[in-house]
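Naming follows writing order (A, B, C, D and E), and every chain is counted from residue 1.
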């Protein structure tokens, strides 16, 4: 019961980060700021959600998988952000 | 071999035609060999067939095409009349055409279609049912079209297009009529007295429609007014083709078809009851007069002959539509007689055009002195057409006239007399000019085709042969081997026993 | 070999060959392709023979019976269409390599890619002719459509690619509609097997909607007016051997499927006036296609529009739903397949030899290419339905049906279509026969190799012979007549 | 109304929207996208039907059909895109 | 169905329709593609809701991922210069617009009526599949249908896949996409890390497909993703279509599948009728072949055929 409550709180917190990130993506003025908002929010948001789900999953195997997912998404997100930033810089210089 | 004989007759010329297509222009000797060889072979096969049929033998070749529809070749005496005429005249025309087309391009194509065209004619003659008749009738259209446009000039193409438009539409009508009849009563096998089974239960209305479709279909090729428009424009074809179209293949196929449909499909009694024969006879009479009248006005020799054909071919239709044995004999025998006479005239026209460049009646002055033999043949043919005894044309008209009296329809005699007068009116001036007017200083386009004769022998001999034949058939009409005797045999054996 | 195995081989062998031809070095592909053609064609003819001897053959793949498993079914109709494909493929195997070698405008490697693509197409055609399962037929349709588009694109020029793109989009759209219909049918009946579906379907909303969608989808693929607009460009701009395949065979595959679905599934539950609409569209296609064909100035466009017109005939069956019309329709599909393939190959030859395909510039061309124009004439005879061709036999049967039913507008349309066909085919010949002798042309000089000229001639001759041997296909067909027509 | 039926109706709406776009849009790329969306709508109808009756196990046959359909769709789309690129390069005068 | 899930489903469906509309109405092509990818991801969610995890996986990987990548690559190519694409004539006149709108509405109405009128419970083949799972070579129903009961469809689908490659290559080669990001060191680092994971998870998906959602398609797509990343990062090079070995590899799945079909046929059992006991093994073999082929095919469709000469440039 406490576990479930904790999970809900974690997921809720994660979702808030997502919303904040999305807002940033939509409202920030330029590419770099948007990336900043998105990656920060998503990485933490997803981490919280994954943690919450891991608590609900009830087994170490599930938790491990969720951890992997989080790590992979972070790696991919980081790389993508770096590429987009590089691309936008190249565009500006041109 | 017996049952394959009819097929063989067709295949001889068809295969020869296909073989000729593959020849190159320079392979002159081989082409002539194939042409003449096939023509002679075909004529002898027809001879065998003729003898057999005379003795009452039955030949029948059949190939099922679809359920309830087969290809049937079954030569009866009527078939032989047409078949013999076409086989004989093919041989003659081939010789003439070889001379005529000397040195001109695309000869392989020409002779290929020429042979195919005669195959189609043989098929029409021997067709034993309506489907077979339709098949060969359409094939005739297809194989004659390239001949009509052979010269490739704008005029030729135009004539060809008109020819096609008429004949294809005619074929379409015949097609619908044929399918209709097959759908209603099953296979329509040509039978003397009518092919419709007893108790077919078809309404008069339906039958009239079918009769209309079938007769209109063949009427186009028979150049029955008002379906005759194609014939004068098709004149642009080379002379041998015109000869073939007018004397042997196309118009004859139409007239032959009229006889077949009246006597072997509907049956003459039914045709009379439906009123078909009356309509047909009136149309034929109109055509006879209209053709003659138009011929009067033509200066171009070939066009004058073309309108004459329109007129003369309808004698056959008239004979068939009068419903009486003697009139029918007259009509049938005219099939042969008109063929011989008209081919003579076209050959003469060809000779004049090739040798002297003469194309018009008004240019004929003194032609008899320059080309006496040709003009002699022309005169024989023309007088025959007018119906001067004892020439062939007289025999036909005599029988038609007697037939009209026998059928109690004396008024047709008036038509015949009037027509003869018109014939005289458009032929005699030509003859008069040729023999009694002085020749001009120069001919329009004189060519020296032969050092010793008035023109090339290849042109002259066939002309003289057919002219002689038209004389002999008239002179010896009473002999048991004459076309007249054969026509009487047909009528006695088949239609008015 | 077990006759039932033949069905599987007929699909798998061309698939396998397609893969092999793709892997094989480009230099080997022609020989391998020709060998494969020989094999596949013999199998198809063998199967037709088996069906003729023993009646329809069925096989359940993996021995899983329907409704769960997939069934292939060879009846008279399948056997005929398989045989048609084989008979077109054989001459094509001789013609295509020669054509691709000669044709410079086509993409440089078109000849090498033609083989695997054509084998995929062949597999798809065989599959569609044998399919007893609606979804399996969907996969077949996609296989056929993609292969057809790729084959068109082999033409290489911009016009060919544009036509291919348009063809692709519409073919995909057609498949989508078809699939939607299949989905609804599955929802209504819970089975995909044609026969089972036919036995249990009821006339409810879902099945009517499914019929509408499936019919629309297949009509787009078969290019019935008013869905014909993609066809002329695609068929006219493709390489000539491809045009022959597309016009002669590919459009027939979706038609056969439509025929099956319509008469085996839906006919028993009653169709109301839907068949009348298709019949009327067929008449409209005959007229419009012919009129357009008459207006064309390029020979391949003329031939392509002729296909639009001739396809119209196939749809008369839906209004004249009787046995005779069925037989006539199938016979027409066969004779058109052969004749049109011949005509397109001949047209391709004319373009190759003369370097242009302008009809009004054909003056005297018959003198240079007598054999090719003879082929055009022979194929034309069949397309016009003149005796003694296969087209004549087909029209004979259709006319009988129309007269028997008293449907006079159809009688007029069938005959009128013939005359219209004459109206666009004879001018072609007329131009070619026109003109006087060209002295520069050396007599007997061959502008085209035998490999180019004889295969279309063979096809045209077959189309003609079909009229004299119509009983053979008819007896095959009587074994596969849908119950609803008997 | 149950959930599966709702999604089949969503599928129907997707198909209808895509149909409209397929004929009203001009760029071939958009038309390809429209076809893909139409495909998704149809797949949705199929799967919704398989799940229409609550409480039963989903029918695996439509699932298999949709998987096949997705692969076929992506193949066709991929080829269409290559064709498009080829055309674009021809338009630019490249070979 | 509880209120929350109901609301969620309604929201999901509506947003799907909305997203489709936005995608198709997007003013820019780039926007349309991005929205289409988002649409695909949302579709995956719907599949999951409909108890179709296999399709959800495939949709996310193929429908959204791969199609999206292909679309973006094509767009990058199309936007180079003035390329005179065959853009259709716009629909002119309100009448045509109206007819089109009515057609769309008609389709929707037709489908709605048909769907609402379907029998309940609907006829289904589920009852046919489940009892036969014991005899089949896979215990996961969808895999059993795909590779046993209706393996014939799957075989032909693989043929379609190979056909797409043949067709694409028949058009000649096209330039390597997105040259600008080639050589990004960050990307290369990521790819180095991810590659083993990708191969591992592909293998896992194949193995899992026998008894649970997953299988060759999903696994193949993962491989394809890895391959495309390799190409993008510049670590891998596009393959040389002129070399027969590559082509053989591309065709290998089809070869294996037809081989099994013809083999079973020749052994007398009927095509694709796996001999008792061998079913699992054969299906696994086919799946492995398919995974490789599907992966390679998608890469090939992305990269196009490169011939050796162009590569050197």
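Everything below uses one rule, namely that contacts are C-beta pairs under 8 Å (C-beta built on N, C-alpha and C of every residue); 3 or more make two chains touch, one makes a residue touch a chain.
Predicted model only: the values in this text are computed from it and were never measured.
Asks: List every chain that touches both chain A and chain D.
Replies: Chains touching both chain A and chain D: E.
Asks: Along touching chains only, what is the step distance from chain A to chain B?
Replies: Step count on the best path from chain A to chain B: 3.
Asks: Please give the intersection of the contact partners of chain B with those of chain D.
Replies: C
Asks: From the centre of chain A, which other chain's Cα mean sits the farthest off?
Replies: Most distant chain from chain A: B.
Asks: What's the farthest chain from chain D if centres are computed as the mean of the Cα atoms?
Replies: B
Asks: So which has more C-beta pairs touching, A-E or B-C?
Replies: When the contacts at B-C and A-E are counted, B-C has more.
Asks: Most central chain by CA mean?
Replies: Chain closest to the assembly's C-alpha mean: C.
Asks: Between chain B and chain E, what is the separation of their C-alpha centroids in Å?
Replies: So the centroids are 73 Å from each other.
Asks: Distance from the CA centroid of chain A to that of chain C, rounded to the nearest Å?
Replies: 56
Asks: Calculate how many whole Å lie between the centre of chain C and the centre of chain E, each centre taken as the average of the chain's C-alpha atoms.
Replies: 31
Asks: Round to the nearest whole Å and give the separation of the Cα centres of chain D and chain E.
Replies: One centre to the other, that is 11 Å.
Asks: Among the residues of chain C, which are close enough to touch at least two other chains?
Replies: Residues 68, 135, 139, 142, 146, 149-150, 153, 162, 165, 180, 184, 187 of chain C touch two or more partner chains.
Asks: If I count partner chains per residue in chain D, which residues reach a count of at least 2?
Replies: Those would be 15, 28, 31-32, 45, 49, 52, 61, 65, 68, 72, 75-76, 79, 83-84, 86-87, 91.
Asks: Which residues belonging to chain E are in contact with no fewer than two other chains?
Replies: Only 86, 111, 115-116, 118, 122, 124-125, 129, 149-150, 153, 157, 160, 163-164, 167, 171-172 qualify.
Asks: Go through the chains and record each pair that touches.
Replies: Pairs satisfying the touch definition: A-E, B-C, C-D, C-E, D-E.
Asks: Mind pulling up the chain E residues that touch chain A in the complex?
Replies: 180-181, 184, 186-187, 189-190, 193-194, 197
Asks: Quick check on the complex: what are the chain B residues that touch chain C?
Replies: Of all residues in chain B, those touching chain C are 21, 24-26, 63-67, 69, 71, 105-106, 109, 134-135, 138-139, 141-142, 145-146, 149, 151-153, 157, 160-161, 164, 168-169, 171-172, 175-176, 179-180, 182-183.
Asks: Which of the residues in chain C end up touching chain D in this complex?
Replies: Per the stated touch rule, the residues are 68, 135, 138-139, 142, 145-146, 149-150, 153, 158, 161-162, 164-165, 168-169, 172-173, 176, 179-180, 183-184, 186-187, 192.
Asks: Looking at the complex, which residues from chain E come into contact with chain C?
Replies: So the residues of chain E in touch with chain C come to 86, 110-111, 113-119, 122-125, 128-129, 132, 148-153, 155-157, 159-160, 162-164, 166-167, 169-172, 244, 247-248, 250-251, 254-255, 258, 261-262, 265, 269-274.
Asks: Can you tell me which positions in chain C touch chain B when the two form their complex?
Replies: 364, 366-367, 370, 374, 381, 386-388, 392-393, 395-397, 399-400, 403-404, 411, 415-416, 418-419, 422, 426, 430, 433-437, 443-444, 467-468, 470-471, 474
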